[in-house]
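First chain A sits with chain B, and in the next complex the same chain sits with chain C.
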Partner chain A sequence: MAVFKNHEVFKEVIVGFFNLLGDTPQVADRLLASKMVIRFIYSDPDLAVVVDCSGDKMDVRPDDMDTKVIVEMSMKADIAHKFWFGKVNLTMALTRRQMVAKGPVPKILKLLPAIKPSYAMYPKYLDDNGYAQYNIH
Partner chain B sequence: MLPEYYQFHHPTKVMYGEGLVGDFAHELEELGVKNYFLVSDHVVDGLGLIQPIREGLAEAGFRITGEFYDVPQDASVEAVESISRQAKDSGAEGLIAVGGGSVIDAAKAANFIFSEGGDLIADYSGAATLVRPLKPFIVIPTTAGTGSENTLVAVIYDVANKTKLLFSDKFLLPDLAVLDPLMTRSLPPGLTASTGMDALTHAVESYVGVDASPHSEALAVAAIKNIFQYLVRATKNGDDLEARGGMLIAANMAGSAFSHSMVGCVHAMGHAVGGLTRVPHGVANAILLPHGMEYNFEVSKEKYAALAPVMGVDTTGMSVDEAARAAIAAVRDLLRQLNALDAIPVRLKDAGVPHESLPAIAEAAAEDGTIVYNPREVEAEEILIHVRNAY
Partner chain C sequence: MGGYAGNLIYVDLTTGRIEVKPLDMGFARENIGGLGFGAQIFLELIKDKPHFDPLSADNPFILMTGPLTGCGMDATARWTVCSKSPLTGYWGDANVGGHFGARLKLAGYDGIVITGAAQQPVYLSINDQQVELRDASAYWGQDVYTVTDALTKDLRADSPKPGQVLAIGPAGENGVRFANLINKKGHAAGRTGLGAVWGFKKLKAIHVAGTGKLRIAHPAKLKALRSELKAIYAESIYIGSIQSAGTPAHLDVGIITGDIPIKNWQMSDWEDFDALGPASIEEKIHAGGRTCHACTVACKKNAEVKEGPFKIEKGPGPEYETIAAFGAMCLNADIESVAKANEICNRYGMDTISCGSTIAFAIDCFENGLLSSEDTGGIELRWGNAAAIVAMVEKIAKNEGFGAILAEGSAKAAEIIGKGASRYLTTVKGLEAPMHDPRNAHGFGLAYGVSPRGACHEASLVFEVEGGAMYVPELPALADELPEGSEGRAELNVACQDYGMFFSHCAIFCNLGAAPLNATQAVAMLNHVTGFNYTLEEVMKIGRRLWYLKRGLTNLFGARAKDDRLPARLMTPMSEGPTEGSIPDMERMLKAFYKLRGLNEDGLPRESVLREQNLADLADLIYT
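The block that comes next holds the complex of A and B.
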């Protein structure tokens, strides 16, 4: 059974977390330096989110299917949830087709060290924002 | 310690034998198609290496519907599109690549459009974009280095955007790899040495990388053993078919190892050197391998120590540190032996790298996608020390 029971809850959780990353200089500065524009396409529940690092600050745009992005990553919402706990090996997930990446994959791999601090932030974010039931302890 | 999770996927049938290129057609029967389009380059054709393939296929009732020889040194998007278009127009049902890394990668990527249609970059650049197998794909390598006949990756140069595109998908793995030492006999000493050292780099880096697994480690160790046994012999005497065969097998096994467990900081530095100064990939990796091993020494010394006997070092009575140092010394010694044959430089300056480019090389290496798999975090300032040592 999927972790998130509906689109609205998952959208609140994931968009809220991306915005938190955008407000955290330790993570955001390196993402902004990459100028990456990425669309995440989630399923079960369905959601599309563009994370745009091409400007001065990170811009998170849910339901944006129009922007021309550099990389598009598709995955189940459950995999995304596990990823932000640091519990998904990105390359293994790509090999197992748990994730599909369209575009320059090395550019995504380069960002992995930059987002390392976010793995500790995610469980705390869930606790602090009323989503404690989704935490993995 | 065992990894928490790993998988090993190796659908490519590998055949080895002297003169096999004229006698492998019966293996194609099970692939169910009769008409193949052949991709190679003018050098390989000029050496007469294609003729026995043509004859063997014709004798067994297979048809070559067309041939393409214009693959540039860096396989380009244009070449990939031409191959897929010409293959389709010729009525082919499968592809045969005969060549080194560029030819193999060009044909590998061409199979995307040849089989599924669409646009190479928009539809397939990335990872795991396919949902079903492609058309039959046979590879006959003419170098012993890239191991591309055994990997799920193709690298294609996008001339318009001056960028290298990565395609990674399990369905890119060839159906059949034919390893025939007669196909590498005419490879000159310089290319023999640099491609062989590239294979050694694949093996060593996949062995110590963060995604190493028992399967990839076993292949890496076997590859390293072969390379230490055969690379100098193959470089010294191109007609030594046992050495040529040993190197083909080593490159193939190292290819499978790194296709599963990736590479690390040596390739990060090598990509940077190649990108900024155009030093060939194998030469850059050869020079940088011992320095990359030094960089990872503290975190990888147990593994280096385990490799020392494989490299021919008698480690009796040695501590882990001493055996690990001896493994790095063995790599340096191999490089020196190849250098003594005038086959490869041992320093970056001798390869034509300008001194002023070293900081930029270190910066670019620290940004390379391969650093994710390196057992030690890659910092530009630290890498610069080792790049300077390699100069």
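The block that comes next holds the complex of A and C.
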């Protein structure tokens, strides 16, 4: 059974978390420096979110399928949830196509150090925002 | 038949006699190549006198290519060496890429068997049919870069194509127990100290020039497979990542799950860690790329430091393992110093994993008051002291001062230092563990424990499968979802050993570049090249026999069940971070593994098991 019961709940959780990352200079500054524009395409429940770091501020746009992005990452919502806890073996997920990435590999790799602090932020974010039932830490 | 050059060179350094013998194709069919050949020939050579010092004329050294070496496909440039290890006293082997193996095949030879020891320095010159030992007095004492350039230049006129050099540096000559062999300045047969075997034998180098061609049994089928794989490689993020950043790409990925040991295995994250990562490498030391023979993956990167205390000329740059060993393990965030330490290891010919880990061990001893600067010749072996780390690398290579103690390897150094220094060791069977933490992936712990050559992430395919780079759907143990913790890791290890012996030890695929291949593609490539019609079941059987042979040889040299355990440093749970509280359940995994493998309580393969594997000679040696 999927972790998130429906599209609305997952959207609230993940968009809220991306916005938190955008408000956290330790993460946002490095993402903005990368100028990355990335679309996450989630399934079960379905959701698309664009995280646009091309401007002065991180812009998080749910349900955006129109923007031309640099990187597109597809995965189940459950995998995304586990990923933000630092509990996904990224190499394995990519090899076994639990995550599918399209775009320039060097740019994808450069995101990893930038988002490292976020693994510690996710459980706290869930607890602080009324989503404690999703905290598997 | 194809894939094989069809000849083996036998060199007796004591008498100077050289023989070229045809490769028995029945033997080839039964053992495929690489260590499949090497271990069988080694056993045959030592069975009448199985107990000997690794640094003696009695220790054979065997270099073997595989049938794929030089076939022109991606990720098939590799070849193997084996001998009794001067570092561990057990079975020793190493696996290496570069260009030497392919050139040896083009000269007409599948491998070289070296016995005895010379009185004076020699090198072996192979130029198609002309094979001879020559005086190496002029090259003795030269570092690997110098002797490589000198031999290449001095022998250039003898062949229409430039030759390839495999050489030891001063570390091998000086008997450093983790000295290695290096081709083209940066392709190292790194582990278990086989450079010291050459040093004892007074064998400085092998130069090979070859003008022949390798016959492929089914070229059209191989071409079709190449096209099929091209699309798979283009889609692979893993291949893309190592093409882009080389093996150091793992620094960004491994840190997420706690795979990278920091501060001699005491930490799994560190605020300065990114200073060692791919972005820092690109900014500070990157100087272009290079590749192994015919491989378009091209994961090798060059480094250069233009000025400052760690200045180095453009040359082979540090791999992931090297950066973790001299960087993270020593809490050293200076990537330029890591590049310098790497260059010293390449020039002097030393394994960077053992060298970096041994220095991290010594720092641990120093910081805990077991050593002082008086012991170390004035070198302040402190965490993060980049200058001290680089200085100690050179001292080790020269077997000089305190470096002479560390040149014995960390396990023997701990005995010499005493005062309980062994509690800071990271060795299994005397071999320093590689830079992948079993607290993150418990199967690695069992793999390190039962590996015939000591703690090693490439002694099977456990690292590739549990680490995530390989997925082999034809073999359920290499494809099924793994439960968390230690459950199922014994079964995983057995399957990864059997398949791994075939994959990277006999056929000799590169574990990195060939990671996208499934078993059907791997066996098909072998069949298209050789013309043999192996099945997956058959290559698994050959792999299994090789695993028992290597395990049995290590047992013959004295290893027992107690030597299958991990050191305390790797078995201490982290108090925070991604692996918080996690340690592999070694007893549970070992119990299940021993049962699956038919090992007795001493850790020896049961006699009946060895005989079932057609290893009667080994059974006789162990049990009579």
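What we mean here is this: the second predicted complex is superposed on the first by the 137 of 137 C-alpha atoms of A that agree within 3 Å, B and C clash if a C-alpha of one lies under 4 Å from a C-alpha of the other, contacts with A are read in each partner's own complex, and residues count from 1 in each chain.
Keep in mind that, in the parts below, contacts are C-beta pairs under 8 Å (C-beta built on N, C-alpha and C of every residue); 3 or more make two chains touch, one makes a residue touch a chain.
Computed from a predicted model, the values in this text were never measured in an experiment.
Overlaying the two complexes via chain A brings chain B and chain C into a clash.
After overlaying the two complexes on the shared chain, residue contacts for A:Lys35 are found with neither chain B nor chain C. By the document's definition of touching, of the two partners only chain C reaches A:Tyr119; chain B does not.
In the superposition on chain A, A:Val71 makes contact with chain B only, while chain C stays out of contact range. Applying the stated contact rule after C-alpha superposition, one finds that A:Gly86 touches chain C and leaves chain B untouched. By the touch criterion defined above, A:Lys57 lies against neither chain B nor chain C after alignment on the C-alpha atoms of chain A. In the superposition on chain A, contact of A:Lys5 is made with neither chain B nor chain C. In the three-chain superposition model, chain A touches both chain B and chain C at residues 89-92, 94-96, 101, 105-106, 109-110, 112-113. Contact residues on chain A toward chain C in their complex (touch as defined above): 86, 89-96, 101, 105-106, 108-110, 112-113, 116, 119.
Here chain C touches chain A in the complex through residues 236-238, 240-241, 243-245, 249, 252-253, 255-257, 274, 277-279, 467-471, 515, 578, going by the rule given at the top.
Contacts from chain B toward chain A in the complex involve residues 5-7, 9, 123, 125-129, 163, 165-166, 168, 170, 211, 262, 367-373, 377. Interface residues of chain A, counted against chain B in their complex, comprise 71-72, 89-92, 94-97, 99-107, 109-110, 112-113.
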